[in-house]
Amino acid sequence: MTRLKKLLPHIVLMAYLLVILFPFLFVLFSSVKKDNNAIALNPFGIPKQFALGNYVEAWVNAKISTYFFNSLYISILSAVVSILIAAMFAFAITRMRHFKISALLSGLILVGMLIPNNALMLPIYLLVRKLGILDTHLALIIPYIANALPFSVIILAAFMRSLPGEIEEAAVMDGLKAQGIFARIVVPLTVPAMVTVFIVNFLGNWNEFLLANYFLSNDSLRTLPVGMVQFRDQYQMNYAQMSAGIVYSVVPVIVIYAILQEKIIEGVTAGSVKG
Amino acid sequence: MNKALKNPALYVLFILPCLILFAMFFLYPIVSSIRFSLTSWNGVSSDPKFIGFDNFVKALTEKRFWTAVRNNGYFILFSCGIQVPLIVFFSLLIAHVKKLKGLYKTAVFLPSIMSTAVIGILWGFIYEPNIGLLNNILKVFGIEPLYWLSDEKYAMLSILITNAWQWTGFYIVMVLAAIISIPRELDEAAAIDGATAVQRAFSITLPLIKPIISVVIMLSIAGAMKAADIVIVMTKGGPAGSTDVMATYMIKYAITNFKYGYGNSISVLIFVFTLILTALYQLLIARRSERIEY
Amino acid sequence: MKMKRSLMLLISLCFAASLALSGCGSDNKSAGETGGGSSGTEPKTEEAQKAEPFELTLRHTQVGQDKEKRFAILQDVVKKTEGEIEGLTFKLDGVESDVNRKEKLRGEMAAGNPPDIFDLFGSPDSKVYAKEGKLLDLTPIIEELGIKDKFSSLEPFTYEGKVYGLPIGGSGEGFFYNKEYYDKKGWAPPKTFAELEEQLAAIKADGKVPMAAASKAGWVPLMLTNHLWSRYAGPDITNKFATGEAKWNDPNMVKAFAKHKEWVDKGYFKKGELGFEYAEYTTQFTSGEAILMYDGTWKSSVFKQGESGEGMIGKVGFFNLPPVDGGVGDQTALMRDVNNGYGFSSAVAKDPRKLEAVKAFIKNMFNEEMQIRGLVEDGVLPAMKLDASVLESSITDDLMKQIVDVLNTAQSSFPAFDSLVQADVTTEISNIQIQKLIGNQTTPEKMGEALQKAQEEANSLEE
């Protein structure tokens, strides 16, 4: 009886895991089946014959490598730059002695968290086109940097506020100026919070679809989510090949996740809890 | 000795990059949206014509706009009414078990790091009527195939399920972190007093994690108002506009239909609705949960 | 959490601040966007320009397996043009046709940065863009090249007497049918509407899918609906909606909608059609699952060596929608247009080298040889007038012969509805109404009324 009691939660949780993981398995199995017919005949199981040709064709047709590297560099660059800008801002409003303006500014940035940025897509589109960067990677990078600012500022400011005041007082005595205090003292101490913010920003950029879909039209510039949707629309009738495409786009993320999972979970959730 | 940190020029230098970007990508778009929402601009011509509040009148009397609003509402209801209880339930379970905790945590979180677009594609395949996973499962039980994404009855539900599948794990991990941070002594003392696990969950854990649940609700509402990519990828708002949300409705009008002005009036409305919801949330939920501190 | 108390105050502050900002922003619709027309001259010397490599972006819609042939033709033209103009490289960008037309190009036009050369839909799109000066006036170029009178019709691409685009090919629409199945049944293509319906019922009874269907994008089922209403209410009725001379809820229109719905209700279309993309349409037919497929003549390219419908070569036929009893007007009419082609950005005019390259592209793309290649390799009907004997000798394919035959027997033709009504109305019918009809969420009568309402709104905006 007690044994069953102990097992019951595991049974329920395993059922939930099945729901989470089975779709991935389904796609994985389908990706090595010959065609739609083979999927239909044996939907659940491991195929008897492995058709690895799907992977070759998906790689060629879907240009995964191009999309993958576009996504990677845009996401990293934007995340890093927005952290830098946000850290400067957070430093100024938490550690510099202009309290009244700082309170006002931090409130202003907080409002940014409330603004549903999808709703602003149209004016941002106009803005990006006025800047003359439509259909270049900058059309994504700059909005991504800007979009991540409110969240980054809030987390970094909260963290910097919690730093003890003595450290920098000592630094001032040593003759460091504000920029010195920022670069040599505050930034190194803020690294843990920055990792959190980086992961959140990176994932947000990596997965972003709307802007990437409408602001870029050149195929060689596309990011992974848009490239995948386009690939799906063109090859929808061939589910086996499409599954191979999905596997390509999912595997790198899973690998990164497997390596960094502790950091990622910690980062993402710590961020939301504090906010 | 505070001089170094008082230098106004440096202060300005530090805040300027952020403020400029903020003004460009948050303030200016709002103002621009409001301005164009009062015109009948088609997005191409060089002189937008001022038409007052006609766009808003049109939107608010348009049945299809309200369908989109309703669908955003479904997103909120589904996440608060169905997802949140599930999240709490699974978090309590995972916190309760001693073995495999790490595995559960890692696995449930997995969908949240995937791109919504890719998840939309993946689930599109699962919902596929002829060879998709779901209908194959139904077939085992002798149920006729359902047309998940092409039948108005199920299309919205299908999207909501996919959305829940993606995000439930994310919130579970968040709530789990809050549960684990509760001091052990409280729970242990109650256990010694003879309270069962279920009783303890209700009387000790739940009240203590109320603040985080309130955050989950806020994030769900924010997520619901933003939802667009999953709809575009899975149904493009179809069949017959039945799964459009406000954001996709806006895009459809502004770009596909040469109605940039009207599209902007929708974006203003999205903004207004979000403000109202946030205010409501502050009044109804945040206030109450603030009382509990731990 | 405490911070949020001051939010409301800040929001109002925020708006005040941005209102100030908007003052500066309000003159932003000026230069740059108007873009068109001005033939700016570059102060560079001739020699320096020659040495410098330059790029032309070309947006095409030849993506996916079924359009490989068409893509090959385009690539040949591109190569030839690159060879002729020193320093020129084309940057090809393929986008799915409907996405290009309805999202990409419209967005880019609004942004003022369309590609240099792009796939363009004639009417009504090119008129909207031409009106705003976004398109390059091609009249002088085609006059210079002497091809102005070679086209069978430039009407869809003409605005205020000037030509802004060139049709690459023509198309017609009708039923493709599985000949093998028809032969087995001992059937011939139906001569009367009753005969068609008998065949549909018989196919259904046979356990096959009578007609392929993929209605995620509304234009696919609407090809057939358009033909049906042109039978019931007359081929010219669609012309009259925008002028208010005819109404969408005309009883004859409703009859056509009702017929489409009746066929849906009887299960004559592939089930779950609202969830399928156009790509799947062909697969239903080529796999033998569906016996009929209502589609444009462009689809004939699929039934060629090396294409997805290879297995059906020689087993596919084509017929026109049979006459409807009591129908209005010419009962042999079918949809035929030359609405697909290429347009060029007005910005090209600012750069003499680009203009030269565009001229070479036009010369290499729009000529008899390419038209015949399009016809023979790809099944695209010529958009230019060709010598009858050349035409005769170049068609060897049975299906193509049958198609040409069907087109020649039709006494008249009508353009597709979406080239005749405003974009709003097109969206209403293709995104909403037809899907509702198929999904059993509306009645033919209500559909007619809703469309008429959208039409009247669109008409009133135009004045």
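So that you can tell them apart, the chains are marked A, B and C in the order they are listed, and the count of residues begins at 1 in each.
In the analysis below, contacts are C-beta pairs under 8 Å (C-beta built on N, C-alpha and C of every residue); 3 or more make two chains touch, one makes a residue touch a chain.
What you see is a predicted model; the values in this text were computed from it and never measured.
In summary, the chains found to touch both subunit A and subunit C are B. Across the two candidate interfaces, B-C and A-B, the one carrying more C-beta contacts is A-B.
Centroids of subunit B and subunit C (each the mean of its C-alpha atoms) stand 37 Å apart. Separating the CA-averaged centres of subunit A and subunit B is a span of 16 Å. Residue positions of subunit B with contacts to 2 or more other chains are 28, 30, 32, 128, 130, 255, 260, 275, 278.
Annotation for subunit A: residues touching 2 or more other chains are 108, 111, 114, 126, 214. Shown for subunit C are the residues that touch two or more other chains, namely 4, 7, 11, 14, 103, 107, 110. Listing the residues of subunit A that touch subunit C in their complex gives 104, 106-108, 110-111, 114, 125-126, 129-130, 134-135, 214, 217-219, 230, 233-237. Those residues of subunit B that touch subunit C in the shared complex are 23, 27-28, 30-32, 34-35, 40, 42-48, 64, 127-130, 145, 147-152, 236-242, 252, 255-260, 275, 278-279, 282, 286, 290.
Those residues of subunit C that touch subunit B in the shared complex are 1, 4, 7-8, 11, 14-15, 17-19, 21-22, 25-26, 29, 33-34, 102-103, 106-107, 109-110, 128-129, 131-132, 134, 215-216, 271-276, 423-424, 427, 431-433, 435-436, 438-439, 441, 461.
Residues 9-10, 12-13, 16-17, 19-24, 26-27, 30, 36, 39-40, 43-44, 85-86, 88-89, 91-93, 95-98, 105, 108-109, 111-112, 114-124, 126-127, 142-143, 145-147, 149-150, 153, 168-169, 172-173, 176-179, 181-182, 203, 206-207, 209-210, 213-214, 224-226, 228-229, 232, 239, 242-243, 246, 249-250, 253-254, 257, 261, 264-265, 268-270, 272-273, 275 of subunit A are the ones that touch subunit B when the two sit in their complex.
Those residues of subunit B whose C-beta lies close enough to touch subunit A in the complex are 1-8, 10-11, 14-15, 17-19, 21-22, 24-26, 28-30, 32-33, 36, 90, 93-94, 96-97, 99-100, 103-118, 120-126, 128, 130-131, 133, 136, 165, 169-170, 173-174, 177-178, 212, 215, 219, 222, 225-226, 228-229, 232-233, 246-247, 250-251, 254-255, 260, 263-264, 267, 270-271, 274-275, 278.
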